[in-house]
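Labels for the chains are A, B and C, by order of writing; each one numbers its residues from 1.
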């Protein structure tokens, strides 16, 4: 406890980096996954291709992806991009499937009704199909957020800090307190972000609680 | 030298394929950790998931625990386990098991809960005893999701076993950490590539196994929709 | 055969699903439990094979208190058919049917050959045995469900809304099939449905339940229609009760009159000469009625009486097995107001009129066959 109080500045800084490294990929991943998911919901071929590629990328272990990227992108080994890009890839891989499934499961009569009252396709997507898919998308985002927050720590192994720095600092000198604080901080952050996403999801979809 | 020739250069060097630090030995080590941890995780997670799924009691607790464990940073968990129990294969494997149990348990639980109640009702109605309902009806019908859980546990273990080289385990992660220590990027990247390939192969093996284990009656119906 | 003695089921939340049920199911007959949702009909059925245990009271099957039986063993001796069949999706059709024999310790070969025999009994081709349930239609799945329940030839069959998930045409086929099977097998069947028409069609006796788990009336279908115990039963039995009750009155002795008929292909002028009061029924070469011609219709055509000039006919009344209901309906649905009577082979016999049906009804009332 005294250790925590003595290092509040460090913890605040690590929290900032950890949030940055895990949530930037979440947002990027969402922005990329929506058009890809839409594509996958429209064509059988696109769906098969996108889902196989997603599941292949998702298979690759994070540490492997993190250390391979500098070779491919020419980044320096401690560039934060080496963490942001893999986590973005995992987020996209996770979300494409849920978004595609969510869009395909929007009831056909709802889509037909929207078309019948004069929506053009893009307007209809933004005004009808996408909002109805929000609950499923939020569920996917929650899984991706928790997984990102836990994976960021791996970055510490190549010197990109976040709470992971507490592990790589504490381990060599056998200082358990620091490591435990790192694990707890990660869990708390995951919990907070998860709760925030849950709340945002509820605020965005008031109709899911109507009439109960 | 560009990246591809860097990899080819390292991988085609015969010296990297022989001895106790050669690729074949490291791959086998990696697989050994994976198989042992996965087996232990299944022995622990499957009965727990099946029992909770069958009785419906403790479901919230189980799902909560599985989600909580999923949020654990793997590196932190490994570090704590090794700091507590000392450097060695057994503590590291214990850490891997801890991370592999949640997906197995959650998959089994979800699979059994997802079996249509009407089918379970029919199983009891024709006179099956409870263990028989579980073994002959619930588990076979839950197989796709159980297998999904085991499959993601396997991927989790392959990935985490790489990280575990940081706390002294052998396997393919050694190339990454030893390479980083001596600033030999060719070794780091080649090790990472082999891990990636191994993960994909393990995943494919599981897809193949799944085809063998899951009843063809559970595949989405493709044909034979006959008239009444 | 099955005896409910003061049986009550109270669930943990306090709702009373079945309230003091006293009822005795006749052996070798079909007894239908019918009522609105929440009336306890399914709960009553499921207490018989101890899928649910009664809170108080006694249920006897074949004179034996079921509380003394081990539930799995009790269930193996009682056939059980449920909604959507409840087939095991991971097993082939044949293995589904062989489930109970295998549970009862038969060897695999014997169980499979019994299963194959049952597929034939319920009217399914044997090659379906190798398929999985998902590859069958709803009607076929339901037949497999019946076959599975019959596998060890249990004396009692419990059927819980078995036909509710199939479309009306298939449902009617399955109902006829069940009646045919029952003719051969003479099982004691308890059948639950929310559909009063199904209850009246299938039941030798019908138990009407009301919300709150009370038995409102337990009677033969004809009695239910003719003498509903109270307003609830009357409204549940529904509209056209009087008309449907005619379905239980035999039309024996109903006079069959002459009917002008012409054969398909007769020249139009000959057909005109054959009309009586402006109408004639047209038959094919087997004497089966195919439609009507009228003076009006024939005035606009020449040549031969072909299918094109026919007015479509109404329902047919079978003099061998028909009821007053089918006789009346044939008259009401006919374009000429004359009902077409046929024999068991479908060949034309003559005509019936609504007036004659009503006269027959009046004499049935006088004879005390119908309550006044």
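Everything below uses one rule, namely that contacts are C-beta pairs under 8 Å (C-beta built on N, C-alpha and C of every residue); 3 or more make two chains touch, one makes a residue touch a chain.
Just so we're on the same page, UniProt names per chain: A = ABC transmembrane type-1 domain-containing protein; B = Osmoprotectant transport system permease protein; C = ABC-type quaternary amine transporter.
All values derive from a computational prediction rather than experimental measurement.
Participant: Stepping chain to touching chain, what's the minimum from subunit A to subunit C?
Facilitator: 2
Participant: In terms of Cα-based centroids, which chain occupies the most central position?
Facilitator: Most central by this criterion: B.
Participant: Would you mind pulling out the distance in Å between where the CA atoms of subunit A average out and where those of subunit C do?
Facilitator: Using C-alpha averages as centres, the distance is 58 Å.
Participant: For subunit B and subunit C, let me know how many angstrom lie between their CA-based centres, rounded off.
Facilitator: The answer is 55 Å.
Participant: Measuring centre to centre with CA averages, how many angstrom lie between subunit A and subunit B?
Facilitator: 21
Participant: Tell me, which parts of subunit B touch subunit C in their complex?
Facilitator: By the definition above, subunit B touches subunit C via 118-119, 121-129, 132, 137, 140-141, 143, 215-218, 220-221, 223-228.
Participant: Which subunit B residues qualify as touching subunit A in the complex?
Facilitator: 3, 6-7, 67-68, 70-77, 79-80, 82-84, 155, 158-159, 162-163, 166-167, 173, 176-177, 180, 185, 188-189, 192-193, 195-196, 199-200, 203
Participant: How about subunit A: which of its residues touch subunit B in the complex?
Facilitator: Those in contact with subunit B are residues 55-56, 59-65, 67-68, 70-72, 77, 146-147, 149-154, 156-158, 163-164, 166-167, 170-171, 174, 176, 179-180, 182-183, 186-187, 190-191.
Participant: Name, in rising order, each residue of subunit C that touches subunit B in their complex.
Facilitator: Against subunit B, the touching part of subunit C is residues 49, 51, 71-77, 80, 82-92, 99-100, 103-104, 128, 131-140, 148-149, 166, 170, 173.
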